[in-house]
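Next, two complexes with subunit A in common: one pairs it with subunit B, the other with subunit C.
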Partner chain A sequence: MIKFLTFIFVYILSIGVMATEFKVTDVLGAPASGIAVYLIPQDESKLNDLWANQTNTASTKTIISQENKKFSPYLSVTSKQNPIVFDNKDDITHHIYSIDKENSFDFKLRSGEQKSDISFAKKTTIAMGCNIHDWMAGHLLIVDTPFYGITNIDGKVVFSDLPDIGFKLKLFHPQLSEVDNDREITFTLTTKPFLVKLIEPITATPLQQDTSEFDFVEGYE
Partner chain B sequence: MKLQESSLKNRIFFFFILLLIAVQGVSFYTTQYSNERLEEQQLNSQLSQAETLLKNELTKRSYYLTAFAETAAKDYGLKQVLLEDTRSLLIALNNHRKRIDADIAIAINREGLILAELLVKDPNQEIKRVTPGENINSDFSNPEWLSGESQNVYYSEAGNIFQLVLAPITSGDLLIGHIAFGYSLNDKLASELANLTGFSVGFGAVEKNKWQWLALKDISSEHILEEHQLNDFSPLKAKSGDAFIFTNHTLGQLNHQQIIATTYQLRSSLIAAIKQDSVQLLLMILITLVISLLGAYSIASGVTKPLRRLVKLSKNIAKGNYDSDIYVGSTKELNQLADQFGDMQSAIQSREKEITQQAFLDNLTQLPNRNQFYRDMHDLDQPFILCQINIRRLAQINDTLGHDVGDEVLQELAKRLKILNKPLYHTSGNGFLVRFDNHLKKHINDAISLISKVIEPNFLYQNIALHLQVNIGVTFNDDWPQANQLLKEVDSAMQLAKRNNQLYQLYDRQIDLNTLDRLQLVNRLKQAIEKGEFTLFYQPKLNLKNNSIEEVEALVRWQHPVNGLITPDAFIHIAEQTGQMKALSLWVINEAIDQYFYWKSQGLNLKIAVNISPENLLDDDFCERLIEKLCTEEQLYKSISFEITEDAFVDHNSRAVDNISMLRAEGIYLSIDDYGTGYSSLAQLRNLSVQELKIDRCFIQKLIQQKVDQLIVSSTIQLSHQLGLQVVAEGVEDKVTLQWLKQQGCEKAQGYYISRPLPADEFSHWLEHSQYSSPSNNKTQKEKHEETSTIAADNLLS
Partner chain C sequence: MKKRALSLLITCLVSNVSNSAEHKLTGLIDSRVSQVDGINSHVNGNYGKFRFDEGDNISLSQAIVNYHLDFDIPISLNVVAIAYADGIDDSIGISEATIKYQAIPNSSGLRFSARAGIMYPKISLENNATGWTSPYTLTYSTLNSWIGEEVKHTGLELTLDILGKFRQSKHDVSISASVYKNNDTTGTLLSWRGWTQSSRQTLWHERLPVPPVKARFGGMLKHQAAETDPFIELDHRYGFEANVFWQWNNKLKLRVGHYDNNADTKVFKNGQYVWETIFSHSGLSYKLTPSTTLISQFLTGDTLMTSPWGMPVVENDFQSAFLLITHKNKSHRYTVRMEEFSVTDNDTTPDDDNNEYGKSATLSYQYRFSRHLFLHAEYNWLDSTRPARTYANQDIQLTEQQYQLAAKYYW
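Up next is the complex of A and B:
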């Protein structure tokens, strides 16, 4: 444990790079959770350098589960080329689609099946639905930066190993106002958490629930 | 029956007529009114039903449109082609449109750009031609509807108004566009709705109260809403009383226009229906009225028929026919009435009998009374003698022995007269009639003796023997006079018998005439004074000392217009009894005064003696008026003197004596008239301060033949002179008597030898030509004497 702490300390000092914490609050100052936060270099030409320096970027799978006839999580964020896994944890078939003009897809996913052959090469947002379960809705944010995350219950997201190249912070959530979604926030790296306050209220995230009771299909395989 | 009295039957009938007309009128009016109300209500309710149907239909359409549009929006195929090429999208859109036969279909992307649009041309035709809309790739005109929620709106394009439903298309929860389907508000729709509701249906757009027709189906029979009328007709302006009844239903809003559906019906069709109803109703009512009136007439007759029977019955009763049969009908009440009539009839019958008995019988003696006498006289055609028998002094019996005894006496007399066995009547309190039929005038004595015979025996009443005395008046039916005339006759005769103390008196017309004259005089006397029917006659008093006429006695005469000249004997008594003596005496005095002045103006100075009644002397007012008249500056009392009969003093009436003394004190000259016939007392002569005695004519007229008269007259003259009175002899009818009186020292003489009483003008004429001198013409007296002596003698003889 001591060894680990010493390592981190040495690492931070030696690289001059340190972990940075961001906290997103709504207009009232309450923590806003589930919001995608990503950083892009202020000079976007440095994006490729950023990718080049990214040594430890083992491609991480983004798993979008269909559980209880909901997309879970509602909002997923990943960087381009990262594989995306759709995992049907329900005992029922889903027909997942996107009709995004460039990134449209649709496939049926039977109970317990996974589909992992989908990835996207470009930054984009994809709205997904289930053709069988109208109420199901999920969103996928594909970013072209390695620094992205989703605010936890405290509205916080932490990025480590940030090079000091000058970033701007962006937020995304389907229910965020366009103002907030389009905002580009510059910041300076400090040891203190950086506070981002939403300009406009966030609308409620859909509950992905059928408005009518739908018990009769439960007994069928 | 009077004309203005309407019969009960007519009244009942007319009452029914009025009632029926009123009832039917009210019923017609209310039925008509309620019919109209009902029709209107029905129509209104139909209208509201139609409106409800219309609303439902349009709501249903919108619901199905909405449901369909939402379903189509979720269609994955559509979602997949939404962002593909337009052609693919149009085909997919048309597939959906066909399913509900929509007139318009639109696909709009997230940014409000119209991706695809389909319009049905000529939507009224069976085979439809679908064309792409012109607005593809241009912005949707109403971006406010693109909210992500379903919208049910009215949409205008290419001159049509559509009922349009927009539904959002989502990918997951991401809104990627809208899809819309709609129906056009066209004549076909109006027609469908009109068929459904049974009313004319139209759609209109209203902007600023201006109605613009969108579509119309007019199903009214007259199709009055022709094309050119559409502009004039506006459901907005319609009000009650218009040719239409209608309801408007606002469907929705389009920009600034209101989309309104209207349902209407021609009122005329409604009114026509009501009119037809009215005619039928009126006909029914008229028929009912006629039948009711017939019924009313029969009821009226039925009610009044028994009444008419009762009227007839009571007429019979009025006529005295009590045997009428009473039958009025089967009605209980009327039969009760009829029974009452029957009871009344018999009650009247018995009461009439009783009354008849009372009316024709005397209560006391139970003999037939005067009424019965009249009745019996009706059918009598044989000669008879009628006797009225009255008990004498019945009043005295009543007064002394009491009315009971009087009644007993009457009953006894009745009993006795019954023995005669002749028709007998008790006609008055104290009067019985006996009729001797078939008796003639010559049988009167027999009849009287029959009556006397039954009355003769004494009537023994409680040991008092009463001798019944009667007076009988008798008459006979000479020339069939009236019954009441006969009664009058026997009564007059009886009265005369009573006055004359006779047993009986036969009626004579003369009896009546006397009574009648007297009556007429009484009635006429008052008028006679007013009308100046009295005149004064003058008889001279000759002064025996100087053989001159210085004084006359005024004697009143009644110039009766019918009976001629009436002497005072006939009317003075009546005037006294009827209280008219004062007026008469005053008239005489005034007349005498006038005559005195007249003569004086003619140069004739004659004193006038006026007779006044003893009654006048009892009247203070009369005496005062005498004094007023005479004791004036003209000193008439020296010229007008008065003659009073002895009766004035007989009653020793102090008032008369006082008044005489008063007159005398005023210097009025008084003489006592008719001296020696009455009950005059010498004592009175002494007390009375009269100046003259007039010896009654009965002592003078046969003076020369009767020594006794000479004795009386000469001694009276002596006595009078002794008492200082002058003496006048009345009734001097010859020269010898005049000479004798002159010798005896009598001062004045009066009588036919000198002159009978003459009217004033004749008197002055007589005096002028007489042998006697008068105060004014003393100088010519002697010549005249020669001329007129023969004439005077002639007068005396005639």
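Up next is the complex of A and C:
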């Protein structure tokens, strides 16, 4: 009897939480890295339950660095619950801004300083720049689900502790086509990696590269 | 009312300084050994095309300090001071002084900015480093040497930037327009002395000697003062300038612009005539490879000086163009520049022949010892035909050569 109950318990647990791997590839089948992947319940009313069950997972900071006069990472994804930290690792000042009308901000961040009092109330995408170094470009995706990530060099992202409530998978990258950014992909939980192939080609990510080839350029152009 | 507003602004800025402004000092120390095979320099009012006199010279050719003050409000101040200790005309003073407002781009990537003060119009594609110096060569092209000598002003420049990155576009466009004053004698030296190849920018207080044009000595130009004041305001009229700058994919930069100082040539005060100078310019910078860049500029225009009754006295067309290729290989930079220039005299004033035609080639090598320290060697060859040189008993057709070795410390 105890054995049977243990079996049932382990069985339920294994259905209830599973580690699931997703792999994103481009139109030619090559791994697509740096793409934001997030899961939303098919029944969106279950979002609150999802968050309720997430209380024990400590919220992690999302760090957006300014390093070598670049936004690093180029694309960050975080949930609206998580704190965001801007961290200037350069030896110069940056003037970071968002062009989003509803979430506009701008602040100067001096060398070695951090800023962490910026938060977002709802799901959105933010395009950011530096008003001193125009080549710098960064993007931030705010989601309202606890299940989000960025594909690694192999195009993979893994979610553990995924409850079996039925999800839709969504992708985001500033250089993805609208078709791919708007797609909602349904999937069933299996032990096998779930493959997502982009419908349209992804355009090149900006190099965030200073066009001048000299260190002591003063903006005369 | 104006005074109160001004004092309020100053109080606001000063209190901002103490709270949260950021100061930045940058600069350049550039010392050189040079040898000129030619004639004495235009800096002292001669016809020599180079900055240094014939023979050998050791100089502190420029010491530049750039003071930048950045407020937390989107306003910044920038002042450039330069000292020359070249034994030809030692001098120290202000070259540029501007206050700038720059807004945050809107959701379409449009950004407005405004700049006021003593400034260069945006023309040069060579002079983009600290204190309007060139990272490529020791001497600037004839085209940009003239900008550095006579084409500075006090004005208000409005710029609209269209940043492509927010529309996933590789095209950035910048449109600028200026109104300005303190430019009334622009064209004087280009007419009477011709194009030069220099690295000396005129400081705001400086007056420059006029070459010995024969008509100045008892002829039609006898009322002209011995020195021209390039930044004087005599007619109290505003000049205009506009340009469009287009950048594509970190590779291509293209600028076209037009300049018109809108001067009233009937004004004449204290030996200074007002010259009406109008020109158009275009420039291209293209990265042939990640380490090789091609820069080319072209400028064409005309200038007019009249008697106080409006009779044309000096009427010239001028043109200058250069092609520069620079290649960087680790710490080494190699630069070649070819130029062609002319002044065409369209008036009949006797003893004042302003015609000129010339070509130039520059070979430049730079070695970077550290982030800040550069050793720079350069050879300039300049061949020109200028009949006015007979006024100084010099050859009409003349080839001048200059060798320079410089230690440059950017900080």
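Note that in this section the second predicted complex is superposed on the first by the 198 of 221 C-alpha atoms of A that agree within 3 Å, B and C clash if a C-alpha of one lies under 4 Å from a C-alpha of the other, contacts with A are read in each partner's own complex, and residues count from 1 in each chain.
Here, a residue touches a chain if its C-beta (ideal position, glycine included) is under 8 Å from a C-beta of that chain, and two chains touch if they have at least 3 such contacts.
Not measured: the values here are computed from a predicted model.
Visitor: With both structures lined up on subunit A, is it a clash or a fit for subunit B and subunit C?
Guide: Once both complexes are aligned on subunit A, subunit B and subunit C clash.
Visitor: A:S45 in the overlay: touching subunit B, subunit C, both, or neither? Say first, second, both or neither.
Guide: Neither partner.
Visitor: Looking at subunit A, does subunit B or subunit C touch a larger number of its residues?
Guide: Of subunit B and subunit C, the partner in contact with more residues of subunit A is C.
Visitor: Have a look at where A:T191 lands relative to subunit B and subunit C in the superposition and call it first, second, both or neither.
Guide: In the superposition, A:T191 touches no partner, neither subunit B nor subunit C.
Visitor: Determine, under the contact definition given at the top, whether A:T93 touches first (subunit B), second (subunit C), both, or neither.
Guide: Touch partner of A:T93: subunit C, not subunit B.
Visitor: Does the superposition put A:L207 against subunit B (first), subunit C (second), both, or neither?
Guide: Only subunit C is touched by A:L207; subunit B is not.
Visitor: Have a look at where A:K101 lands relative to subunit B and subunit C in the superposition and call it first, second, both or neither.
Guide: A:K101 contacts both subunit B and subunit C.
Visitor: Just subunit B (first), just subunit C (second), both, or neither: which does A:P174 touch?
Guide: both
Visitor: Quick check on the superposed pair: does A:A137 touch subunit B, subunit C, both, or neither? Answer first, second, both or neither.
Guide: It touches subunit B and subunit C both.
Visitor: Output check: A:A127 vs subunit B and subunit C. Expected answer is one of first, second, both, neither. What do you get?
Guide: It touches subunit B and subunit C both.
Visitor: Please state which segment of subunit B collides with subunit C in the superposed model; the candidates are 116-124, 152-160, 170-178 or 350-358.
Guide: 170-178
Visitor: Please identify the positions on subunit A that touch both subunit B and subunit C, taking each partner from its own complex.
Guide: Common interface on subunit A, subunit B vs subunit C: 97, 99-101, 104, 106, 127, 129, 131, 134, 137, 174, 206.
Visitor: Across the complex, what residues on subunit C touch subunit A?
Guide: Against subunit A, the touching part of subunit C is residues 22, 26, 28, 66, 70, 72, 74, 102, 104-107, 109, 111, 120, 122, 124-125, 127-132, 135, 161, 163, 165-166, 168, 172, 245, 247, 250, 253, 291, 293, 328, 371, 410.
Visitor: Can you list the residues on subunit B that touch subunit A in the complex?
Guide: 74, 76, 79-80, 82-83, 170-174, 176
Visitor: Can you tell me which positions in subunit A touch subunit B when the two form their complex?
Guide: The contact residues of subunit A facing subunit B are 71, 97-101, 104, 106, 127-131, 134, 136-139, 174, 206.
Visitor: Using the touch definition up top, name the residues of subunit A that touch subunit C in the complex.
Guide: 93, 97, 99-101, 104, 106, 108, 110, 127, 129, 131, 134-135, 137, 174-175, 203, 206-207, 209, 211-221
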